[in-house]
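Labels A, B, C and D are assigned to the chains in the order they are written; within every chain, residues are numbered from 1.
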């Protein structure tokens, strides 16, 4: 508790590292009673009107500290439940098992899992528990972070920005009546067509740790940072927004690759401590780069939707769109963080 | 430029202090072409379908660095135009004069002005120019910051969080066909029924200045901070989120005063560098405090809507609601930052 | 004696240089009791003035100063934009059509500028604003001319009076502008606008006395 | 010889204390190649184990270890939650109903736990994970028992082997878990999970050998 206290005093609006997640959940429950309800021990955020009979249930989850992801995406047209773990730590199987039960409307449940060893294993155990109780559960794993070298022999790429877009698009499809297999297939398509890369200007402090996750000099940035402050591809000198945007965007474009004539959803995300004015500066550079490449931005999202506590930085996600994904991106959504058409 | 360069390298996603505002405007124009258009020199963000014949035009403006305020509030059901000044510096009369002309649909134009000497004088000069060209212009001034001691002999209280709520509510009324006098009257009512107070955990750096606006120790916070980093009421030791929320909320409540039985809109705002998880922790404390006081939260808003660059901190705004203000708060709005009902 | 449009142009150039040189200093003063942008605002404004001056520097004094005022109004923003802008617009209007400006006409024009600042900002003496530097400066200038001093001497006295007026803002509690939000906490700090106003009058004196540029050892 | 449930309970208590003591150290190791939470995760988990142990400490070894596993699974999260959780669940299942555990039964149970870790995490030796500490430790324990050593000596050898296995992770490039994202940059750092696993085996030895608590001078 000693260092915990120091942490609290370390410039965060929290009461204690131990209470932060529950206090925030209580705040969400109070602010969004029209959209969701919150259960504690195990901690689960559940869409108010769940389970929806005959609708495929969407369950996501991950460590806390990435808000609004995932709780801010619970509601009509997106998630049925979100399972928040401790800060930067994947949630536990009992949370996902409870969420699965709570949202199962008889059409089965999709588990949306970001590709981290911990998330995978905890969701796996949850799926085993849920299936033991007779639920139909399909997992889909997001792994869109191009910063990580992929390989059969490693844990593979991290799931980052595409997760947000996938939850929206697949949520629209589930609302429209897609069955579990079609929902799963669409989810895999979205993941397959999306790529992301992020960078950090500053570190962030996990309250329970009490000190910054990593040290970084005043004139340095981390390219390819993970959303938990995992070190990235390289540590370089500070660059201009245009240079940074070009490095991230070109790496993302080359990886899929995105081609001249492609229509994309461009998502410029803030890491939590970066103000909106800077995100628009970055979006401007991304837009310029893509039009130079002949890639058409037909949809966009600019804001802090998948964050790393108070880390300053940005990530860029591109998703290649087609008629189906565009339709479900545009479909009505009503959550705390994303809302349109209703 | 020397120190400007240092600044850029000082951990901001910008190209140069000089280009930041225009780069961000270009980003907004590209990201939100469906909602707005941007004119440069003078810089104005204009609702795409302005002027709306027969509708009262709503023009707001202020220094940049408070995003999404005001550009993020341009669109159906809210502002017709926003005039972004240099960072933390009120815009110039030619900007508001141009905006007024661009949105005047024949029913007159409301100027929404935050109570800062600079904003007042620049809007005044703009109104003189616009009237000289035959426009009907009414100003409304927001001054909801309880941290500042009011007096006939001073510049009076600063306009802060209530400005956001006013722009939404009055925007709904203008959309519904209120004439200039009724719009003006409603705007004054909203301002009269709202109060705010903010605090900062950290300072922020105006790019052109190149160093933090103020120094603050690791264990200190500034209570009553202004949105330009103007020093506040007092410098105290770091406190828990519950303590901070209680200080801000109780000061706001006592000032109006808000009374047992009142229905309010509770707005917990982030200063730019504070992540959402902390804002929900604060909202939870505000909610607990108000229910203890018998004040009913019937509407809420949690997020970073009126910011101070990358400053970490929060502000709390309470607005006493009645049938009219509630109706126009709920009315459809479609802007980059606030959207519902459409 | 008279003052030429060329000397007034040199005034603006010298002032622009002083502002650029003291940008951080003025901003620092503003950070203490305001929002830390006064030097940045004034520098942005006077860079624009220099950029716009070319075509009008050989025109009459009125056009030169009105152009200056317009440039400031449309680039500075904040409180100082309308205030300095109005100052130069009103002073310029008073000098319409004049190539050579008689000593008293110059002081009258500056007086008209001060009146514009007060009309716009409603500040009283001792509110801890630029008015506290400008008012005594123009009184002294007028007095010295009355005593038969040259315009150069009169403006030198004006600059001195502006400097004391500027220093006299330190103990004051701000009643106007952003600094007024601080109440008692504004006491003990020098007002940035009064400081930039002192620089303005000092530059005017140096331009009219044709003191070689950079001769002076800078204060602040 | 046999090991009693009481000794196993003492193992868990000692391990919980060591984790608490080395929370920052483990977290620091994880910050270097992971996300800086391993010590926090393990401490949260073993505080829960201690809290839940009361009612079952006098029950059989299987119940004690399964309760431990369940507590870890439902409080730790991350990678270590399912892994340590599965380790204790499987070991506990192997000891169902036993109050006194024969030496070989204990090593067999730990072996079952290791198999659970590998089933769950799919790690191979030299992937730079806890498996690199656990595998050699259990091999040594089994070997020493075969040579007729006491369970205390066998576990002492196991702890030593775990420590070398832990140190041997330093030059490895991580192929599993978060550290694998670093590729080459993971080389030169000691794996946090292998480190907590070494602590686990050292605590087991100390509990079984009934070494007075705090006697040992802590490493790390």
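Everything below uses one rule, namely that a residue touches a chain if its C-beta (ideal position, glycine included) is under 8 Å from a C-beta of that chain, and two chains touch if they have at least 3 such contacts.
Values in this document were obtained by computation on a predicted structure and should not be read as measured data.
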Checklist entry - Tell me, which chains sit next to both chain B and chain C? => result none
Item to check | Whole-Å separation of chain centres (CA-atom averages), chain A against chain C | outcome: 55
Item to check | Distance from chain D to chain C - Cα centre to Cα centre, in angstrom | outcome: 76
Checklist entry - Quick one: chain A and chain D, Cα centre-to-centre, how many Å? => result 32
Checklist entry - What whole-Å value do you get for the distance between chain A and chain B if each is reduced to the mean of its CA atoms? => result 29
Item to check | chain A, residues touching no fewer than two other chains | outcome: none
Checklist entry - Residues of chain D touching 2+ other chains? => result none
Checklist entry - Looking at which chains touch, is this a line, ring, star, complete or other? => result line
Item to check | Pairwise chain contacts under the document criterion | outcome: A-B, A-D, B-C
Item to check | Residues of chain D that touch chain A when the two form their complex | outcome: 24, 27, 31, 33-37, 40-41, 44, 73-83, 120-121, 174-178, 180-183, 185
Checklist entry - Okay, in this complex, where on chain A does chain B touch? => result 8-16, 20-21, 23-28, 30-31, 64-65, 67-68, 72, 201-202, 218-219, 221, 237-238, 240-242, 244, 272-285, 287, 297, 300, 302, 304, 307, 309-310, 312, 314, 336, 339-342
Checklist entry - How about chain A: which of its residues touch chain D in the complex? => result 3, 42, 63, 85-94, 116-118, 121-122, 124-125, 147-149, 153-155, 158, 206, 208-209, 213-214, 226, 228-231
